[in-house]
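Multiple structures follow.
Look for subunit A in each of the two complexes below; its partner is subunit B in the first and subunit C in the second.
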Partner chain A sequence: MRFPTLVLKSLRQHWLSTALAVVSIGLGVALLVAVASLREQTHRNFVQEGLGVDAVLGPKGSPLQITLNALYHLEEMPGKVQWTYYKKVLGDEVVESGIPFITGHSYAGFRVNALDERFFTEFEYLPGRHFSFRPEDGGRGRMFAALDEAVAGAEAARELRIELGQTFNPTCGVNPGDPVHANDAIRFVGVLAPTGTPHDRAIYISLKTFYTLQGHGQDVADMAVNEEHREISGAYLKIRRIRGGAMHPGIQDLKYNVNQSAQAQLVIPNEVLPRLFSIIGWVDRVLLGIALLVTALALLFLFVALVSALRERRRDLALLRCLGATRRTVFGLVLCESLFISTLGALLGLAVGHGIVALASDYIRVETGLQFTSAYVTQADLYVLPAVLVLGAVAGLLPSVQAYRLGVLRNLTPIS
Partner chain B sequence: MFKRTLPFACFYAAFALGCGGNEKAHHEHEGEHHAAHGGCLNALGTCENGHAEAKLEGDVLMVWFVGGGSDTDKAVRIPDGEITLAVTIGGEKKARTLVLTSKPNELAEEKEGDCSRFEGKADWLRGMTEFVATGRVTFKGKPQDVRIEYPKGYDPD
Partner chain C sequence: MIVSLHKLVVEFRVGAERIQVLDMPSWSVDDGEQVALFGPSGSGKSTLLNVVAGLLAPTAGSVIVCGRELSRLGEAERDRFRAAHVSYIFQTFNLMQGYTALENVLVGAAFSPGRFHRDQARALLGRVGLSHRENYYPSKLSIGEQQRVAIARALAKKPKLILADEPTGSLDPRHAEGVVSLLREACREHGCALVVVSHEAKVVEVFDKRVDFLKLNRTLAGVGGVS
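Moving on, here comes the complex of A and B:
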């Protein structure tokens, strides 16, 4: 009988413990792979891509709250910024351009943000990438032009089944029970092509539309024409580049100066978001720890399963030796069983792990608009198979040595 | 006995090392003072009270008055319109006089008499690598001695 056949037959003989060992290793590896993938993709989405915004001018309050509100359409803006102050910031030598916005309205669970129409042409949702209405990209219609017109992000349009020409009444607030602008019907004239960013999960109207909503009253309506009284929630700022494409170093002086004012602050998302990860970093370390522990326990289980199987199979192995198998053969047999179980467990874990990421990606996309993919390959994917193989070999070493030392005569004596 | 305890000892050591790394980094970060403009921080009285951040660019000495402790990125406005500094350059016995005038920043909503940034210009500042400057300002409502040790900064603590 060939050696691989011998290994397979032996595994089939104690199939239950083999299957349990494979499943337990698989679960540990799956957890490890899924946590590593979700962790890295979250980090990439929040930190490396920065959603194309160099800086956000916002009111006084938590910089994290401002970033989450301006870029991820979460939380609420802690206040307002005077238009005149925004214009002063715009005049600074390091600021290339700005796109003012107003947040705080919603419709059917999606944020309704008012902003300058240059958002659709100049804003880079990812470095070098602009919004599109082109049908070939997945968009429809056009940007808003009249006061009663709106544009929907791809995800908002998909979930709300928005058709062009359909109208809606925005809610004055983002919380359940907030009043609805019953007399302000706004018509959808465009749907943006999917971007894979949180901007897909919002609805956009013009600043002037916001100021002139009937429900806002005359004071707010005056802001449409009177710049002295005009207020905004904030502005996306584009900073001038220096040689090599790096941001102008003067942004730090600008940030210092703006932050000394009584009404505004400058938030640099790429500085704020890593801080978020340093705060919540322990969560993924705990998850990784649990995953490692599960994998270690699974390998311990493999060790116990091999040792107990060896006890049951002493007579079989002794018989095998009588039939001509060398000590090396029985040593290799037990070790190969361990390696086979480990490999199968690792492969199962990789498949299940990526399956978990696929399920989670869908959920995360619906909830946040962030694009995750099950095809993302992390370092854990690359190292998990060799690592589990090494650990499997270690787990199988002691039972293999025991098999090697097995006394043939002692184990062939009649039991009764 | 040794055979049994060795794997546990290894695991414990690895776990303890893994946990200890961040602890050290955290403590280092706590003690750090950040100069918002890339200059040198000079404590006013004590580090907790406040700082004068000094930066020399060509023949202009810029000084920002900022908070103490970890508030070195928060401006502290002072009512003085001018600050006279006695600047001693290494090797010279006689101090030179440098008058700093307030430079209110519009974005910071500062104005004359309520300003945290000061500048002084002198030809002899150009190319200067090291000096000590002393003076007096009204800081947080009280007269306060200023001591600037350029470029390493001044920290009596």
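Moving on, here comes the complex of A and C:
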């Protein structure tokens, strides 16, 4: 009978406390792993990827509000931007291209955004990635061409079960109870292939369609033909690159000039979104704290389980000593039990943690359009096993020392 | 000679007081010899076995077992020595409770050098008449069966010496006789020496060499035992 068999036999002897210790450590580790993964992936989604937008030209107001509205289809735009001002900014030497858009309409809980059709051909939702209608990519139909045509994002189409040819009447506003454009039936002619971004959760119409909606009246209809009066919610701007792929440094001058004007402001999402994280950062710190607390409690439970198991097994350990096991052997036996339980708990936690991320990522994708994956490996994944092993060794140290100091004769032989 | 003691003294400390338990001028057991030590409870018989097994270090004197001077060995060396050469059978609670009969035999050789296979363990269980009980846990075995498993386990490491401390103390006379004769036969077959401690006359009288512990231990001379 080899040493590992002795460890396993011993664990089987007190299987209930072993199983509980494994499960409780697994739970703590799973929480740690899941929180770390969701936190890092959220950060990556919001900050690193920037959703393909270098800068957003928007009205005066909160830069965060503009970013959330323009990129994530949340909040509302705080005002309008004159078309002529947009054209002026577009003429700046650092601006490569722009895609104007109008927000503020919705349908069945999804935003209906009006925008330039170049959005479907030129806009990069991720570096180098363009929208697709190709069936092999998961898309359907084509981009809008006529005034009564619309395109749906993949998630909006899935949730609303949109079929090509189906019509809808947009709501003038994004809140429940806002009026519906009852006389403006718009037909779906295309569904975008999934992108894994919030762009999947919107419906798109052309700028001209927006201006010519009957419910908007003549003033707005004039904007379709009269550029002097035309207004937009904002525009996605692509900035020229310099060597190394970095944005042209002139963006800061442009930003200063636009922000000094009374007309609009220039928002750089990658500067704004980290602020969002500093605001909500306490949430993941609290979650991380809870996960650490659960793990610490689990290790405390492991310690208690080992100590109580040791009390029950004093005679068995004394017998092993009598059979020739040295003090170091029984010390190692108890310590290995602790390490085995910790390892099993950590592995279980890693599996369950990634399982939680898999479940959560599906929910988050549906709710926000953000792409999460259970295969994402965080630093926590790399450190959790060695860290739990070290802490498991610490938890097992005192019981191991008790086993080491166990008196053989006191626990075995009667005096005769 | 498998056991040779010379001027052995064992004392226990109780607070500041030192209590002498053993004082034996000399005593020996030959290779393959079977010896019964008898005497009243509390006379130090178990202490002697513990010293010979290397579980207890003597206060003074020489203890040579299987050619090794145990009094010069450290505790870990005595453990390894015991693992290789000496088996011990107790009156009760001989078996690991979470182990089956077969596993209890296997664990008997877990710390000794050389390999010991399941088939060998099964053969030993067969030798003590418990082939049909190999997957039974101790709680499902009678006391007599437990003692027979303990005998099989004691033989697992192929020891040169088996020490048995009141091996029949918990058995009725009929089973006691069976266990002792099995133990003696098995030791004879495996060529190992046997020292049995008992205060039961029926157990002691079957041995050719019987030692009155009251005469062997000078601490008890004229006292009639300690408690």
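Everything that follows uses one rule, which is that the second predicted complex is superposed on the first by the 412 of 416 C-alpha atoms of A that agree within 3 Å, B and C clash if a C-alpha of one lies under 4 Å from a C-alpha of the other, contacts with A are read in each partner's own complex, and residues count from 1 in each chain.
Note that contacts are C-beta pairs under 8 Å (C-beta built on N, C-alpha and C of every residue); 3 or more make two chains touch, one makes a residue touch a chain.
As the structure is a prediction and not an experimental result, all values here were calculated from the model.
Applying the stated clash criterion after superposition on subunit A shows that subunit B and subunit C can sit side by side. For the combined model, the angle formed at the CA centre of subunit A by lines to the CA centres of subunit B and subunit C equals 120 degrees after rounding to the nearest 10. Of the two partner chains, subunit C is the only one that A:L412 touches; subunit B does not reach it. In the superposition on chain A, A:R328 makes contact with subunit C only, not with subunit B.
In the superposed model, A:T121 makes contact with neither subunit B nor subunit C. In the superposed model, C is the one of subunit B and subunit C that contacts more residues of subunit A. When the two complexes are overlaid on their common chain A, residue A:L320 makes contact with subunit C while staying clear of subunit B. By the touch criterion defined above, A:S308 reaches neither subunit B nor subunit C. Legend: residue contacts after superposition of the two complexes on their common chain; A:N257 is shown touching subunit B, with no touch to subunit C. By the document's definition of touching, neither partner reaches A:T167: not subunit B, not subunit C. In the superposition on chain A, A:R12 makes contact with subunit C only, while subunit B stays out of contact range.
With chain A used as the common frame, the shortest Cα distance separating subunit B from subunit C works out to 25 Å. Subunit B meets subunit A in the complex at residues 36-38, 73-75, 105-110, 116.
Against subunit B, in their complex, subunit A makes its touches with residues 88-89, 92, 252-254, 256-263. Residues 1-3, 6, 9-10, 12-13, 315-316, 319-329, 408-409, 412-416 of subunit A are the ones touching subunit C in the complex. Chain contact summary for the complex, subunit C toward subunit A: residues 41-43, 45-47, 50, 53, 55-56, 75-76, 79-80, 82-84, 88, 90-91, 93-99, 103, 106-112, 116, 157, 165-166, 197, 199.
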